[in-house]
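For reference, the structure is listed below as structure tokens.
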Amino acid sequence: MTTTTENPAPTAVRLTAVDAPDQPTVTPELEALYRGFESELLVPLWTEIGNLMPLHPTTRAAAHLWRWDRLVELADRAGHLVPVGRGGERRAIALANPSLGGKPYATPTLWAAIQYLMPGEDAPEHRHTQNAFRFVVEGEGVWTVVEGDPVPMRRGDFLPQAGMHWHAHHNAASTPMAWIDGLDIPLQYDVESQFFDFGRDAISDAERVTPDRSRAERLWGHPGIAPVSQLGSRPGSPLLAYRWEHTDRALDDQLALEREGHGGTVEPGHALVRFTNPTNGADVLPTMRTQFHRVVRGAETTPRRETGSSVYQVFDGSGTVTVGDTSWSVTRGDLFVVPSWQPVSFVSEAGSTDSDSGALDLFQFGDAPVFEKLNLYRSQEDSR
Amino acid sequence: MTTTTENPAPTAVRLTAVDAPDQPTVTPELEALYRGFESELLVPLWTEIGNLMPLHPTTRAAAHLWRWDRLVELADRAGHLVPVGRGGERRAIALANPSLGGKPYATPTLWAAIQYLMPGEDAPEHRHTQNAFRFVVEGEGVWTVVEGDPVPMRRGDFLPQAGMHWHAHHNAASTPMAWIDGLDIPLQYDVESQFFDFGRDAISDAERVTPDRSRAERLWGHPGIAPVSQLGSRPGSPLLAYRWEHTDRALDDQLALEREGHGGTVEPGHALVRFTNPTNGADVLPTMRTQFHRVVRGAETTPRRETGSSVYQVFDGSGTVTVGDTSWSVTRGDLFVVPSWQPVSFVSEAGSTDSDSGALDLFQFGDAPVFEKLNLYRSQEDSR
Amino acid sequence: MTTTTENPAPTAVRLTAVDAPDQPTVTPELEALYRGFESELLVPLWTEIGNLMPLHPTTRAAAHLWRWDRLVELADRAGHLVPVGRGGERRAIALANPSLGGKPYATPTLWAAIQYLMPGEDAPEHRHTQNAFRFVVEGEGVWTVVEGDPVPMRRGDFLPQAGMHWHAHHNAASTPMAWIDGLDIPLQYDVESQFFDFGRDAISDAERVTPDRSRAERLWGHPGIAPVSQLGSRPGSPLLAYRWEHTDRALDDQLALEREGHGGTVEPGHALVRFTNPTNGADVLPTMRTQFHRVVRGAETTPRRETGSSVYQVFDGSGTVTVGDTSWSVTRGDLFVVPSWQPVSFVSEAGSTDSDSGALDLFQFGDAPVFEKLNLYRSQEDSR
Amino acid sequence: MTTTTENPAPTAVRLTAVDAPDQPTVTPELEALYRGFESELLVPLWTEIGNLMPLHPTTRAAAHLWRWDRLVELADRAGHLVPVGRGGERRAIALANPSLGGKPYATPTLWAAIQYLMPGEDAPEHRHTQNAFRFVVEGEGVWTVVEGDPVPMRRGDFLPQAGMHWHAHHNAASTPMAWIDGLDIPLQYDVESQFFDFGRDAISDAERVTPDRSRAERLWGHPGIAPVSQLGSRPGSPLLAYRWEHTDRALDDQLALEREGHGGTVEPGHALVRFTNPTNGADVLPTMRTQFHRVVRGAETTPRRETGSSVYQVFDGSGTVTVGDTSWSVTRGDLFVVPSWQPVSFVSEAGSTDSDSGALDLFQFGDAPVFEKLNLYRSQEDSR
């Protein structure tokens, strides 16, 4: 692993005086002034303000869709060609938003990747300031070992892991397993907050066990019930797994309450839950909000926009997703990006290749906590 | 003013397989896999991790110094060549850190500029989500009108202005006036949270008055005393001016207490105060920390590093500043950048051109609140 | 129901000058001064300080035990003699701590009662600022209807209900049911914060249903999962029932983790959980802390004291409880009081009349949130 | 000082069955049941609910007025008869609300006293959990030494002192000095949270100095400016003196802003400021709110009621105060009590004996933070 970033060579400031209604008259004196700015590494606001301070967030990131079957196919090929070990650390393949300069960023703040582990493989232990989670759209057999606590991963499970927790993974099954990782790598890269420590190359035999529940769940996985030995608000959730059976039931309960004439859903036919930190009721991670949507077959959600960006993965069902001016038909596993202040809506409908009658289930992660904590959060519903 | 940012053209992902100890063996199959990644807009972690997830914050931004006399000279020339008005909005000239690609960013998160207003000039009214402040190293005569409240600006004054407050400026004096502006433009550009509204082209005559104290100060400028009609925690400080007489006295008091054998300073000969929001005791702005240092003649401060970046301006005195491996002799008005996790220290000493016996006074602004709120803050003292 | 409290007649101040080492010399002038104080309704500190400002909390309340079988027997007699209805409101019979002047207070801040409802009976709807909860040591068949939401009550269930929520109860079973109520009546009486509103005399037929789960549980009863339609920190828990199956499992999990060599219990053989508000991780009620202890057979807990008082009910098992200098053998249903700053400890042991091999299970409620919020909380472990 | 409170003898519960519309029929069986309750130390709710759970706070405490000239006269006599020293601790004489059973309580939660120190006298050092403050209506010459920091006390100054801070007083002047003390003694007595430690019998010579400003003020007394060496939210204010010059100016500023057509006052002619903790913007003390009112000559305030009680002292001017159904003409130094949920209003008018043209200035302290933190706070304006 190469950890030294070479410092980029100083970049000269380049200023061009142009004739434009809101620009100063181009004269030799102005040109000379601009050359003076350049030599002193200065840039005037009046040539840049439209870009730097737009009237509202503009889509630097593009709405984009990645198909799950293509991701899995490539990940599987990588499984046979690319070893997992110290240095590379993880067999993770990231979504690179086409509008972010070829960088491996799904959005300006979020990193999303498919990770793939072959039978019997281990991913070595490390820790970092980047907040992370795993979400499993299919398969099972991998245990993530967080601070020595083996946590099983199965379809539908959401597994948060706040910054600076030691973690490794091992595949205890006889088949490969894929899942998605979400991290705040771009945000931490931009603000320059990153620390990274290498851990042990191999976890102990005692950690190689495959319990059905993690210790974290045994301590924190009981609704509203906290272990007194572990109390106190923490920046990240101590509950290391949010199991599908609970998420599924919570979503079903909301829809049943709606049918019975009570509140619960966020709009007709649209159930929505948020994964929260049981120590304080806040988001599970200091920088990321994670939610699960269920849209009943036939329903259409109201277009909604918010500051900040999100990545969604279709967990089940099929339908049409619209982000700004773009629409896609989506099915299980597909991943897509919703940039800042772009309206997003869903229609749940039978897909061309499926015959199920179920709902459209969507896992979402976004950077809303960053915006809320910095007093920058806004949201708005558009008319359909 | 051009407010539409053209969406950059999609950038192709480019991956090069290389022979390196921590990289997979270059084979035709690996090359084919990388072409597959490219066509699907995917980037593997194992080629990028050293850059994306470094062992500690690396200096993407450079330590750099700008001389005040050069800034003022160029600003004055701009005062004669560049009108102030709608569109360009402000005659502000920003520090462009040479390691940030020619962008007008002092640091990855902070924008710093000299602003200049000619006698009788007005800067038109607007508001924006970007948090801002003004700091005056010399001169007087401009009133900033914030939400209709005229606030005088004089040497040593610090004037915060949280996001989405309407503001305009007018120079009521017969001489030009310069000051520095600090904003969180780069941060908000990166996370895409910006909103901007144009206000009136001209403030009213009633707002063109020149009171000695703003209404904000008359409500909130009494130590520990809050107006009951205005109570409640707010994200930004309602106190719109922190006057030099108070800052100066607070710094002197700390040093006097130290001389009397009591605590108060942060280390011998080094007084330090923070501007705070009287509604909650937090930083004055949701994203920026602002502080004032006084280092007595002859004292040397301990090198200290923290996550996040700062910009300093020398307010008075002279001395030597060391940031990482770089040292500069500094004097009144000079501005310099301290990047994330770079140690900074000061020596207060007589300058080559001055004969005063005073202390080295430094105004500092940085992005520490972002790091604290996102659980990313770390600091460390190095040995001298 | 009589709601007008007659204002007590003004009480004359009575002061007696005494010869004591720390008292002023008794002289005619002093006597005259004291008469002056009396006539002006004044009391000097120097005669009262030992009582008003003791060196540590002194036991105004007594440690006391009430036997469950006696409570149930009397409640059942009341069930046949005392109707439930508007005015009396509830067939609740309160523990009157013998050191609190005959007032129906279990402790200086807490009210605890057995409530009893005959088959088919309703308790009428009302709401009040007093925070309340129900805990069920045996039986089932009553639904408490909180804001229109019918909540079943069964053995082991804990049912909080924050101030100013409408509530009624109805017994849908063919047998009487008893449970305990805990409220902060004495605290609110002392500080004079009480409001009380009468509701409907009868709940609607739609509310007379007997669902297995309340709507509150369907929205909030999934571990770490919040309904987005209901978000936001609230002073009291929106989860209206904490079911025994979850509490029991959480306690078992802690003890199993301990046996496996991991943390989890508060001390060997002593599992402890706290009921928390899922919106903020705080105590379920603004003024009351509620916890559940499980002490394995044979274990003895460390004497522990804290500021503030608690009431405990034995839920299962038997053993010896020691509070200060007092010890009792306790068995299912027994209730006892632990006054402020009195050490309490438990020994779990087979009782004279039982043959089970189980643990000693104790439900506890106390006023610790009051102390924590007012910066008055202290706790201490004593040596055994 | 006697610090052992004798535990009151157990009080028998006494229950009387009465014929009343909302009471069960009096029968021999009911009488027997009540005897059973008595023997088991039980009290039914249905006989007590009207008293325990009134429809709104009822005035257990009386509105009452104490005349300052009578207090000073008695305090001065005590100054000649009662020594100050260890045991009695303070020459403080408390207001005993005539409706609170002869106890030295101004209200159910608050203790208020005149304290008096003769020339050259010392009050010995101690500390206690009770939160306290001093307020000076006239005179000067005493320094209170808090944690070794000598704090001068002068007319108009407010001096808070949070629980468990060591403090002593010494009169450095040649005249006696009186001031008022406010503490939360009754609240802490009721909930049983009190700790008390004796300190040194005499302060050191170094502490016997008489600086014009305390160290606390030199660190924290600059508006909005915090010493970085002392940061962090604290339960009580680190600013140990709120000087009259600042309070006076803040009140004047509000009234001037009102005259200029801007907000600032709470209602026409009624300026109101609150003393706050600069570390967090909250009330200066965890359990007490302290405020200062200025009502311009001729103005009349809107009757306002809130849960919780307050004590007021007239600082200057004269007028009429109305609390519930009671009105008094008041003048400098007079103290009065406003019980929970009793409306209070003021008319500022020339007194029978004064000729000034000034405003009515009132210092207020109350227990509102207790109510706010426990989610029990309510307020309401009544029509005039």
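We call the chains A, B, C and D, going by the order they appear; numbering starts again at 1 in every chain.
What we mean here is this: contacts are C-beta pairs under 8 Å (C-beta built on N, C-alpha and C of every residue); 3 or more make two chains touch, one makes a residue touch a chain.
Chains and their UniProt names: A, B, C, D = Cupin domain-containing protein.
In this text, all values refer to a predicted model and were calculated from it rather than measured experimentally.
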item	value
Chain whose mean Cα position lies farthest from chain D	A
Chain B-chain D separation of Cα centroids, rounded to whole Å	44
Chain B and chain C: spacing of chain centres that average the CA atoms, whole Å	53
Rounded Å distance, chain C centre to chain D centre (Cα mean)	30
Residues of chain C engaged with two or more neighbouring chains	none
Pairwise touch network: line, ring, star, complete, or other	ring
Interchain pairs in contact, sorted by label	A-B, A-C, B-D, C-D
Of chain C, residues touching chain A in the complex	215, 218-231, 233, 237, 239, 242, 246-247, 249-250, 253-254, 256-257, 262-266, 272-281, 284, 291
Residue ranges of chain A in contact with chain B within the complex	1-5, 7-8, 10-14, 20-24, 27, 29-30, 33, 36-37, 40-46, 48-62, 64, 66, 70-71, 74, 77-78, 81-83, 85-104, 108-109, 111, 113, 128-130, 162-163, 185, 187-197, 235-236, 286-287, 307-309, 339-341, 367, 369-371, 373-376, 378
